[in-house]
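A quick write-up on the structure given underneath.
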Amino acid sequence: MAGNSFGKFFTVTTFGESHGIAIGGIVDGCPPGLEISESDLQTDLDRRKPGTSRYTTARREDDEVQILSGVFEGKTTGTSIGLLIKNNDQRSGDYSNIADRFRPGHADYTYQQKYGARDYRGGGRSSARETAVRVAAGGIAKKFLKAEYGIEIHGYLSQLGPIKVDTVDTNVINTNPFFCPDESKLEALDAYMRDLKKSGDSIGAKVSVVAKGMPVGLGEPVFDRLDADIASAMMGINAVKGVEIGDGFDVVEQKGSEHRDTLTPQGFTSNHAGGVLGGISSGQDVVVHMALKPTSSISIPGQTIDISGNAIDIVTKGRHDPCVGIRAVPIAEAMLAIVLMDHCLRHRAQNGHVQSKTPIIPGSV
Amino acid sequence: MAGNSFGKFFTVTTFGESHGIAIGGIVDGCPPGLEISESDLQTDLDRRKPGTSRYTTARREDDEVQILSGVFEGKTTGTSIGLLIKNNDQRSGDYSNIADRFRPGHADYTYQQKYGARDYRGGGRSSARETAVRVAAGGIAKKFLKAEYGIEIHGYLSQLGPIKVDTVDTNVINTNPFFCPDESKLEALDAYMRDLKKSGDSIGAKVSVVAKGMPVGLGEPVFDRLDADIASAMMGINAVKGVEIGDGFDVVEQKGSEHRDTLTPQGFTSNHAGGVLGGISSGQDVVVHMALKPTSSISIPGQTIDISGNAIDIVTKGRHDPCVGIRAVPIAEAMLAIVLMDHCLRHRAQNGHVQSKTPIIPGSV
Amino acid sequence: MAGNSFGKFFTVTTFGESHGIAIGGIVDGCPPGLEISESDLQTDLDRRKPGTSRYTTARREDDEVQILSGVFEGKTTGTSIGLLIKNNDQRSGDYSNIADRFRPGHADYTYQQKYGARDYRGGGRSSARETAVRVAAGGIAKKFLKAEYGIEIHGYLSQLGPIKVDTVDTNVINTNPFFCPDESKLEALDAYMRDLKKSGDSIGAKVSVVAKGMPVGLGEPVFDRLDADIASAMMGINAVKGVEIGDGFDVVEQKGSEHRDTLTPQGFTSNHAGGVLGGISSGQDVVVHMALKPTSSISIPGQTIDISGNAIDIVTKGRHDPCVGIRAVPIAEAMLAIVLMDHCLRHRAQNGHVQSKTPIIPGSV
Amino acid sequence: MAGNSFGKFFTVTTFGESHGIAIGGIVDGCPPGLEISESDLQTDLDRRKPGTSRYTTARREDDEVQILSGVFEGKTTGTSIGLLIKNNDQRSGDYSNIADRFRPGHADYTYQQKYGARDYRGGGRSSARETAVRVAAGGIAKKFLKAEYGIEIHGYLSQLGPIKVDTVDTNVINTNPFFCPDESKLEALDAYMRDLKKSGDSIGAKVSVVAKGMPVGLGEPVFDRLDADIASAMMGINAVKGVEIGDGFDVVEQKGSEHRDTLTPQGFTSNHAGGVLGGISSGQDVVVHMALKPTSSISIPGQTIDISGNAIDIVTKGRHDPCVGIRAVPIAEAMLAIVLMDHCLRHRAQNGHVQSKTPIIPGSV
């Protein structure tokens, strides 16, 4: 219980169901003096919001965030920041047919068993709608990281079904509805998604996130390791089934002589580690990959059971994304920002006064 | 800071360095009345301990755990349990040569930059020696899960370098020094490791852990999801660079019609989800895979920098495992046990009195 | 930082300033299946709300709470509960004169020094307005405690300036604007407050809270003791400067033979301990007293400094309570309810399955 | 459960029973670079330890603390610090007679009911023996506060039964076994205690603690207020039944014009607030008082019940302090140090980089 908060120093707590009155959250721990406005948060909310292309759900939400507290005369005051996003386009009627049955691959069954009851409308709290609040909170963290440390975060789609990205051009990412960084793949993606939609099926995806401009020394050695916190943040995004840091599962077949990143007076010569050594940031780019399953909300009929345990057929209606991985890009960025900000604040507490540190690799701290 | 604790309801806090006087920890939150003794914990400590085969480090440690509190007349009292393991075979002299230089691929550089100083002997706190305490604490969790819920956990080596396991026979796992569940691969593993040792290099590995006898309903929907907590626990194990639940990265190329696990009155017909739906256990086996990098402690010379930023050559001496993945098997089991116990206790708090639940799939709760 | 949450198992997080758009909070950890509606929470909000008598501030707020999530078809779902209370009657203009100076006895100076800036309107986050959210959250806890354990909580004014209550008649408490349980003191209170208001001064008060129907065994032995958590909850209420459990400061002059409460087969014969022994509830009534300072917002001119450190005169305008202790009664009840609910949930987690307990004193568990 | 930790940024976790093998703890969150040795901690351990005067228990313990980790070459490394204190003089036989009965005024009954069993030897975990670990941990905090901020903490006995201290001379405190700061009362205390011991009874006490050299700005505004955390820390000390900050319960009869501390360009003119305004330190001395009950372990026979609920007579044997308040002085100092250090680290995290602050009252920050 009490599992709706994330972060120890910079803490985000959320509330809200897919078809309730509103969703929202409280951001606690933001230092005072940070310039922030609703429009700072809106950019990423718009990137995540539904109804922006034919390849995402047809549900239309403005996703306009309101800052209710914690900001005075344009700057954070150091007190808790209340965030509110109203739900406008609920069509709960779409969901009355699933009140007494469990959509396979969804949380319907586990919620019913865990709580003895559930808000079945649109999946209730298990809906990815809740992630809008994470994106808003992450917007605050992004602004802080950029202003205070020069850290910048960008995510992108690195694979969709069989289509793998070959090159990463960050300028391309936000020019297409797929957050794809490789212009040469856009046509193939478009064709693939068109066919997929026609078939009524859905597809998995791989999403990557990178943090540039990292300081050395973020992360704790044993349990609150930077990589462990990132893994928790990413695996906690709806539909994610795998997380990698740096070379990830490729390390299984690597030798030590090949994997270890050599240090030179000019810096590291490679980044197999993905920017984390012993749970602590090395100053290199933090590189994270994650696998997102295909949504189970598809129009192809399937078999399931009802609340009494009887076998029945099911077709998922409602409005859904054929590839939930796409819209996960701004969510993953937000969660990485929240983790990094949490660790930046820890770092300050630890090293503020006791000693000064001189960077060993010039410009690395 | 204060990053040496894991778990919210069942909390494990550890201390100790590789070459200090002792390592140890405090287990807080274990309910009263659980029969436990040092010998219950020793079994897994012995599986993890160094010096048991020619393929692990030659360091010899008895790893005898002492229970200092919290157990009275053979049963837990409900108060905190103090655990102590003495370090016997420290040869700190082996490490004097790395006091002023950074082993590539190790935490030497990040510790030095984070803290401004470090206990360089054997990697200090970054050494996997600390995981012995996790194994001891996990032993308490394992005992509880078995006694109270009938949950059983077993881990195994699923891949070592190029050698993949084909079949999983749990009876085979503990009969060989590799924790390999496939008897037909033992000879190949032996040959591979012999050659590897000769070459002075190291190799990565994939380790899997499975929990059987799971109840439905463990895990929170949004942030303290069961899969997110597992991801954090596993990524927090030294050398882990990737974590998967169920089909993991295979989902990227799966379609929704293929991935979703069908529910029938007799139960699920497949387990692509790996036992977790919407962050909550489904009652199916929880299936976790992780990738462990090859250790950077190899006898092949490499390049690095010293504490003043000068380029120097380095050869790692000391006694090391050529494949750290092998001994990670009992550690991964322990961490999964700790996560599951934490969620079992949450579950009790939540559902204790408000309502009774009838299992929908017979025998599923 | 991140100091806007209270409770570990039942967690209340609040946001909002005195003169912002709204105040609100998130209640996390409430088990599913509890019947709750806005009107359940409104009763106590109305008891706390300003503008109800001539002895409280003239500010008029409806204090209508809106439940935004976590309740479905009249029952809690087990997910986080979003609460919102709009601010209607802000007259921020009243406060422009304190933007650059520090009211003595207020948090103006400490906020300015801590954060480097502050929302000065009505004291911003330091205003007791925030406590409305605690009262709403406490309403949920009160309902749960009554429904699940039969625990009932009532608070009252036990002293106002020189006027001490002689008898406690719980039926009298809510019949007068002072929450005074002694009918014979009402006239004196009325006269005292009338004179006080005329003089432009304010007065301190003592408030008591009692929980009846307590189970045995709530509280942890060492750090999360029931009495320590109560002390934290009460001292955290605006203006509180002292907290007592049971006989409180009277114990200084007591002897052991006098203080210790004798146990008999029929129960305890006295309650000097105030219902807590060794940090754990004994099943007797939990008895708590607290001292509230006189508000520093008085119309008698005083001396202070401005933001540049210059000496200046100050008269506090705005609308204020001459005795803030009075309205603290429902706040103290709410905080006690939150602490007890937190410990009830812990208790379940701990004792759910391991063993059954037979009460030693009949009817005591 | 899991209630054996205190502090969020600087976290102390303890284990151990009165008559177990050892007691100990883990201090997590201490920044690196602090010079610390066992002898730094021993001073306060010796002040607290039993057997030093005829007015404390006759149990003899060396209370020698061993630092097992987290310190390298005389300085903290930033990792967790393991502390161990062996129990030498256990005479568990003394307690066999209370295995099946409940000493009135003790935690025997509540432990038995909470856990269904208990380590009855010397009160097990409920014994004040555990506080030795708090004193050791507090020693680290004291050293840090002095070195980094110039904060100094001293506690003293301010009342014992009917004998009240008139003057506070800090030079006198450690020259007598009562920690009494008023030389003129020593004779009276001696006579009182001699008579008390003869009578076989015990007496309550009032203890005060003061922190000097405070920075402005420690503490959070709403829930993790400095005063609330202090209240929790003090009420969590064995036998404490009341806590006051500044004027404490005297405020009940004070008027606002009298209570509010006037600010001048030279600083505050009085300290009724006890150094905390709105939950945040004002830079003035933090002043805390607490009431400690008379121990229930007295040689005067009493009535109680046994584990079956039968009425029986009881005489407490074992070796006990006739006034537990005396030895609480170093414990209270340690807990105040732990709270202040926790908030110093928070403060750093919050204000490290965003803005510089200029003190308004010269020398106040």
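Letters are used for the chains, namely A, B, C and D, taken in the order the chains are written, and counting of residues starts over at 1 for each.
Convention: contacts are C-beta pairs under 8 Å (C-beta built on N, C-alpha and C of every residue); 3 or more make two chains touch, one makes a residue touch a chain.
Remember, it's a predicted structure, so these values are computed and weren't measured experimentally.
S.K.: Is the number of contacting C-beta pairs greater for A-B or for B-D?
M.R.: Most contacts of the two pairs: A-B.
S.K.: What chain lies farthest away from chain C once each centre is taken as the mean of the Cα atoms?
M.R.: B
S.K.: Could you grab the centroid distance between chain B and chain D? Build each centroid from C-alpha atoms only and quote it in angstrom.
M.R.: Once rounded, the distance between the two centres reads 38 Å.
S.K.: So how far apart, in whole Å, are chain A and chain B when each is placed at the average of its C-alpha atoms?
M.R.: 26
S.K.: Which chain A residues reach two or more other chains?
M.R.: Residues 1-5, 8-9, 14, 31-33, 78-80, 114-116, 125, 221-222, 345-346, 349-351, 354-355 of chain A each touch two or more of the other chains.
S.K.: In the complex of these two chains, what residues of chain A are touching chain D?
M.R.: These residues of chain A touch chain D: 8-9, 31-34, 78-80, 148, 221-222, 345-346, 348-355.
S.K.: List the residues on chain D that touch chain C in their complex, please.
M.R.: Listed in rising order, the residues of chain D that touch chain C are 1, 3-6, 14, 102, 104-107, 109-116, 125-126, 130, 159, 161-162, 201-206, 216-217, 219-225, 227-236, 238, 240-265, 272-274, 277-283, 291-298, 300, 302-305, 307-311, 346-347, 349-351, 354-357, 359-362, 364-365.
S.K.: Please output the residues of chain A touching chain C within their complex, sorted ascending.
M.R.: 1-5, 7-11, 13-17, 20-26, 28-33, 66, 68-70, 72-73, 75, 77-82, 84, 114-119, 124-125, 345
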